[in-house]
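Order as written gives the chain letters A, B and C; numbering starts at 1 within each chain.
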Amino acid sequence: MGPRVGAATIAGLAALAVVAAPPFFVHLATLVLIFALLAMSLNLLIGYTGLASFGHAAYFGAGAYAAAVVTLRYHAGFWLAAAVGMAASGLLGALFGLLATRSRGVYFLLITMALGQVTWGLAYRWVSLTGGDNGLPGVPRPAFALGWPMDDARGFYLLALLAVTISLLVLALVVESPFGYALRGIRESESRMRTLGYPVWGYKYAAFVTSTLLAGASGVLHVFLNGFVSPVDLHVSTSAQAMLMVILGGSGTIGGPVVGAASLVLLQNVLSTVTRRWMLILGVLYVLVVLYAPGGIVGLLRRRRPRAWPERGPARP
Amino acid sequence: MTALRLQRVTRRFGGVLAVHDVSLEVPVGIRLAIIGPNGAGKTTLFNLVSGEVLPTTGRIEALGTDITRMQPHHRTAIGLGRTYQLTNLFPRLTVLENILLAVQALERTKYVALRTWRAYPHLFERARDMLARFALWDVRNVPVAELSYGEQRELEIALALGTRPRVLLLDEPTAGLAPAETQRVLALIRDLPRTITVLLIEHDMAVVFGVCDHIVVLDHGEVVATGTPEEVARDPRVQQVYLGTRV
Amino acid sequence: MTFWATLSINGIAFGMLLFLLGSGLSLIFGVMRIVNLAHGSYYLLGAYLGVAIMRATGSFGLAILGAMGSMFVLGTLMQRGFLVRLGTNVLSQVLLTMGFLLVLADLSLWIWGGNPQILPIPPALRGSFAVGEVIVPVYRGFVTAIGGGLALALWLVLERTRLGAQVRAAVDDPEIAQAMGINVPALATVMFGLGAALAGLGGVLGSPFLGVYPGADLDVLTLAFAVVIIGGLGSLPGTLAGSLFVGLADNLGKALLPELSYVTLFAPMALILAVRPRGLFGRT
């Protein structure tokens, strides 16, 4: 079996083993999973479609806020709240996508950032709905059990692990599908894809909305983990960190976002206990990654060999 | 039947008339060369036909359908295909992946998101045939960015043929190619069935004379002369356009 | 009536401030096709340095000069040392400049701490004067004058001098300009530095308006982005139009619809991008 399957198996085993660790690590691991999902959603756009979205925190936050509101105000159960959360982020993505996907490159970056800021501003100002600067605290853990009761850190971790693993597998399938390769073609040359016969805008829009749905799912998990959501979750700095996770891990790869999320979450947690200057170190890391490892960690680890298709050759004349 | 019809097509960019009042009737099966000095509007003409640029005024019809305002991907579905003067491939994808994208472009499989490519062997068969035809089988797993210029130019044409076009626009297919490669491209064009109409932008007169039935000469966006290669070669207006000699 | 007049005056003053920030960003994009996320950092550092110099020397003029000079140097170093190494890859630019943003932000936090800084308005610029029934604070008039003066100066240089012609050529088509003998790389560096200096000036002048605090870099950056999006990247008249629009819209929005103020600011920007992606006066 190839090295990829081996790595995935090890990762899977490690992920399950976390359940035996102390609660602090379980919490950390849950955070890694949540941000891995956010990074994966962003990677679909950045790494595979070539669209650098700089406002993804908006969908993350929309999912979180929507889930929080229906839980706190309307006493909705977990699954309903999760559905509402994803619906909210997906609808926001559907609306914003109409505006953003007509552009590309720098302009796409600017417009997604702008839309992200609109959402942040709304969360900040619409105090009656969002609690404004104070956010919405007191979101209870889901009231069911998945091998473990959800109010236990382990139980919630398993839930997150399940959600993220399913998403990962689905995404892995999608990027190897005809649709996924069409996205890569769009990344490489939109004009060529058009003249080949692809409805490019439709693909970009579909990728965008899918991405926002997953980002919303990540936000839902996050608000239930922390019991709290605030405008910070929607801020452009959150969007930037998600982007760094994608690049640091290796954009355009399946494992990259997971590696990137893990690296960044662990780094932040470790560094912030050791020094107060972890933001400085993070900044230097950004610079170093761009200059010396643009393929990210995954890019460094595996020598880039294109997938070989061992198809039967043509009949020799 | 007419493969392509342009009626008084004009394209203005700001103050510049890139294409001015051009009318053309292109019969099915013809090999038509479009020649002219740099800046004559040849590539703009192709862009108007492919839909990447819309005409300011005028009408364009392809294979019986009015395509004047039609989006590029719909034109391809009707049967148009083109190559680019500046190689326009998918650099980080392999040769095979490039061709697969072309081959699936007009099929419904291109929308499938939850099964891998391997589930569609017919795409691979078509890709295999294309790779063989263009002698690219051996480099099928090489990222396009690593191909030689000649190989890239051949892939450029292979992609366009992947959608089985009935009207094929080739933008300077032999530019920058070594003589042997040029001959290969020439042979390729000659081998195309007469069910396919070919329009060719070319600077290499040997290619034009070797393959084309008819020539249209553009200068400053306007049609200056048309005719068979022999007629055009003798036409003093054409000499003037190219050499600037006053008669 | 005075309500609208006051709002307009404040809006225009704010707009002029934004022009200082936006013009650098716009010109840099015009020549180098680079989007610099650290542009807000020049504002932040300029403001902090301005406050420090003001405290040390009591001279507003020195504060301005110090801020502008140091930001010019910082900008040119960033551009020459790092940004030239990137192509037009948007992601690389975003991450590299984001890295600088973080580094500069943390350094500022380290040096000056987390409390908001206040630049004391020099006595000569305090107070207000009356125009009819409308009371205009002197400082706002001052900022408007500086901004307007700079806009005029920039326009004159661009349109009437040889240097300006070279800059315009470089913005129009860098490759042809280079072929014509214009030293595009040197121009790019100088313009980058100038943009940074203008942002630094904005920092000193703007601190009484916008304040100086950790996070001001990102807040200011997003405003500057709104300006260039609406006005169009690479166009100075566009930046001016965008700045005034944003300045007025922001003030109006805050006054009339405080719950939606960010939306009234950013939604028009998003709409312009959807309908006219290049902005009002933008160029590719």
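To be clear about the criterion, a residue touches a chain if its C-beta (ideal position, glycine included) is under 8 Å from a C-beta of that chain, and two chains touch if they have at least 3 such contacts.
Note that this is a predicted model, so its numbers are computed, not measured.
Enquirer: If you average the Cα atoms per chain, which one ends up farthest from subunit B?
Expert: Centre of mass proxy via C-alpha means gives C as farthest from subunit B.
Enquirer: Per-chain Cα mean versus the mean over all protein Cα atoms: which chain has them closest together?
Expert: A
Enquirer: Measuring from the mean C-alpha position of subunit A to the mean C-alpha position of subunit B, what distance in angstrom results?
Expert: Going by mean C-alpha positions, subunit A sits 41 Å from subunit B.
Enquirer: Between subunit B and subunit C, what's the gap in Å when you average each chain's C-alpha atoms?
Expert: Taking the average C-alpha coordinate of subunit B and of subunit C, the gap between them is 47 Å.
Enquirer: Averaged over CA atoms, how far is the centre of subunit A from the centre of subunit C? Could you give it in whole Å?
Expert: Spacing between the chain centres: roughly 32 Å.
Enquirer: Quick one: in the complex, what on subunit C touches subunit A?
Expert: Result: residues 29, 33, 35, 82, 85-86, 90-92, 94-96, 98-107, 109-110, 218, 222, 225-226, 228-229, 233, 258-263, 265-267, 269-271, 273-274, 277-278 of subunit C touch subunit A.
Enquirer: Along subunit A, where are the residues that touch subunit C in the complex?
Expert: Contact set of subunit A toward subunit C: 46, 52, 54, 96, 98-100, 102-103, 105-107, 109-111, 113-115, 117-118, 120-122, 124-127, 235-237, 240, 243-244, 247, 251, 276-277, 279-280, 282-287, 289-291, 294.
Enquirer: In the complex of these two chains, what residues of subunit A are touching subunit B?
Expert: Interface residues on the subunit A side: 170, 173-174, 176-182, 184-185, 188-189, 191-200, 306-309, 311-314.
Enquirer: With touch defined as at the start, can you tell me which subunit B residues reach subunit A in the complex?
Expert: Against subunit A, subunit B makes touches at 50-52, 71-73, 75-77, 80-82, 84, 88-94, 96-97, 100-102, 104-106, 109-117, 120, 124, 128-129, 131-132, 137, 140-143, 159, 162-163.
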